[in-house]
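Chain naming follows the written order as A, B, C and D, and within any one chain the residues start at number 1.
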């Protein structure tokens, strides 16, 4: 293991998962050792301990929403930084042991997130099935062969090349455009350079148990012209009704409007975790009105310094 | 089954689950047939088809947050109404087949929500374990006996009375005060009477993909003095960044301020689902400033009718 | 006087004022007796006592702002209604007794509002003049002849036809596009019909001495898509820092969004005075987004009645 | 005049005005030459030209509101700074030539602001009077003797000691607690030190003709916990519906929350005029919640610098 120290990349295994597909998009990871891990905790532990230089983890998908295990781990493991995001189209097949017909299927083995993404297809085609949860999309198919508990499994396309299964149905996902968003997480404190098509990820705890607090938090962004592409509530866990919010804001910490919004959040919230600024996977430049340009912020500071009799910088 | 039509109560089984414990709190359900079902879809199907008069389902817990399967089902199955809420303290034990020691445990079988609630204990005491998801807290323990896939299971206290397992550790939940909130769902359209300690549940879709829309939605409550005890984002599922919000608001639809907020929401949102007004489980009276009293709303309408030359009502 | 009861129209005299020019725009007033009065109090007293059917008064001009005497009188005299508005282009000449040269002018007699509108011209051309206030633009010129207190007067163009004065300078107003807005005030409670190009005038008292109250008041309009064309603070008069606001809102009380904003204001404010809905002088149709259409409000109420089990109306 | 250069103080004369009474409160002005001027323009001209070190001018009174001539002059004359504020209780007497009885009074000579403050008394006691405007409270009484135009005058108490008049009625102001607020204006750019009981005066132009702009401006204060004790709209003068706002905010530019609000305003508004930070006349310490303390702002900046990898300051 020592030779891979600080050069390997971790991902949620086994081989064949969508997470591995995301890692194939990372140029720097090619030709480096990859470590397949069992859960998000292990992935982050690799990063924190220095066993891996970075870990790829799923953070959101378009059908089931935020991946809460990832979001909660990012809120509790200190000193992590997101340095890139990657999108993987998500599709599913239903597979079974050779000789099984669709009409024979009573128990479907599937990772809960995959299961949620195929719910409508299953209700239409297998209305009386039972669900046996699996720990990964690949494990579901693999265990078909090893165990007799389930009759079929939900798996990624291509699984039949690696395991002795047959495909009963293709494209069983409820949304043909489904996509899962992955992030590459490391411990570096160097922020990737600003590209103009960036995203800033944050976790912000609300100060009090009242709806007004959320409204006030959103105003920190709105009054600086910063749009949000993700806002997800997560319970803090100590009492019902106490929340933190997982947020993706348009823009980069080197954008004046984003930096100023961070200042406002930090003053307002008992805890703000800066998870990083990084290029958007879709490379769409951020649009914002000219009144939130950098030079508007810089000009205002110069004006204030003038009023205070301070020297220009 | 016909004898139970419209009198039976459904719950997520098998016997011994926390959901069953919630149902024991429902006075009207005592002495009636109870139906143990396998998932939320089946529970709602019982209600919609008339097989059951109502179904008890978990909707939120203090550690893992909203139960997304329940929230999404409430958003898609029409004509459901929440008629009551119930709180169940949640605690967990780690059980194994007789003869197993804690040091022997490599694979832990657990329902994903229970697993999330014990994560810190597991990381401290079983840092290298793997997780095998189960379909319910009771099934996890039951399958220990039937299958050799897992070495231990997370289960509700008392499980050892019903299954041939031994307790390896007690109180392994990360939060000693953890509680799960359950709701009783039916198809009645009669709203339970106002008690002064009520809650109104809603699902509200945002009109556009922008942070300003959420801010505007929250203002519909804030400008009528209505506090929120739950706000949970859920992806609509058609594209990343499109959300609906699951909301619990303080107060009853018969409260003028709540009814007026509903009007505001309905005008603002492409879709508002009214899930019901019902007494709070904690029986805490709602507090609000006198400027949002019913008579303030009634007086304003009378004043406007006067201006418009309309007769008083 | 009895023959003019309820048919005469009052205006701030004497003959030749801009107020009289505004009254010439009122079709219904042509051929009726007109009463020239000395101040706003007298004009309103004519209306309240029934001596006149309506009174024309100046309410705002584009240079000096709201006419505070009018605004305060509207706030204190009950049961008045604005039934129309009229715009009069405002221009001024400087006049003097025959034989006076501009260089001789030391004291300028002028109504304070006219004086304010010519301030820049006066500072450039008569930097050392003194100001003697007059009670009307016409009185300023008239008193030149009667008294020797002033050397010149600011007056409306054409004044030289009625008084023995010469014009020293023309177009001395600081803004070539200056216009004064007049309103016709009566005691009728019948609101003029909705035209689609309407204005609603209000006086709203803030509940407390804090900036948040003003923000909250403005949100009553903003959350219903109602724009304001005038907002003017006026002290309530009992203590420094206590305000009421004179407001012109786009739209008609028969517009659902305006009526709903009125309800919100009435609930929020210790006092709301509805001064009337009437056609805009500029006949510009009100623009607003379709989400604030009447049928959105009507549809929301029907939806709520359905939830409450009330019959449709 | 040369000996008074830069040491004299200007005030709106003549001797006996409330403005002179305000100047007697200024410790530094005692023993220095005082210049009685005729209007606000002259007062500011003294300051700008260097003839006077400072000028005392009325800016607001509790009955009639902001003094618009002062407010507009502050908006247009550059480089002025308010360095102190002073309160003068305002009361009025009605005076006449010896031998006049109250029943004889037909025309009342009065400065428009004084007239407005006595309106209710006049309506009750002299319902049929006419108003002749005067250029100052003292001039009104003085002209009684010189001219026969008016029968009585509104004047400050004590006027009978300086002029040959008799008092017909005392305490005729509508509000027994009426007070006028004066400010001392200079050209210094040194801001008076922070006392904890300070006020900051601003003039802020709104960027566009819409109610949302005012709301957005107010949020710049509200989101920093800065209360406003004065907000007064003034037309910019180029078109109906375009406003600037005269604002007094609680706190000092050396308070972090005030400085940050100034930055926000400057970014938002096409023009912000900083008129000064100075001790409040009433010496009431500013109250604000601890979340807007200086160290919250300083701490947030240090946190952001840490994220950006910048050195601490």
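Everything below uses one rule, namely that contacts are C-beta pairs under 8 Å (C-beta built on N, C-alpha and C of every residue); 3 or more make two chains touch, one makes a residue touch a chain.
All of these numbers come straight from a predicted model, not from anything done at the bench.
By number of C-beta pairs in contact, A-B leads over the other of A-B and B-C. Averaging Cα coordinates per chain places chain B and chain D 59 Å apart. Between chain B and chain C, the centres computed from C-alpha atoms are 57 Å apart.
Separating the CA-averaged centres of chain A and chain B is a span of 25 Å. Multi-chain contact residues of chain D, defined as those touching 2 or more other chains: 219. Pairwise chain contacts present here: A-B, A-D, B-C, C-D [touch as defined]. On chain D, the positions that touch chain A within their shared complex are 189-191, 207, 216, 219-220, 223, 253-254, 259, 262-264, 266-268, 274, 291-292, 296-297, 299-301, 303-304, 307-309.
Chain D contributes residues 38-39, 41, 60-65, 68-69, 72, 111-112, 116, 119, 123, 130-135, 143, 147, 149, 174-175, 177, 179, 181, 209-212, 214-215, 218-219, 221-222, 226-235, 237-241, 243 to its touches with chain C in the complex.
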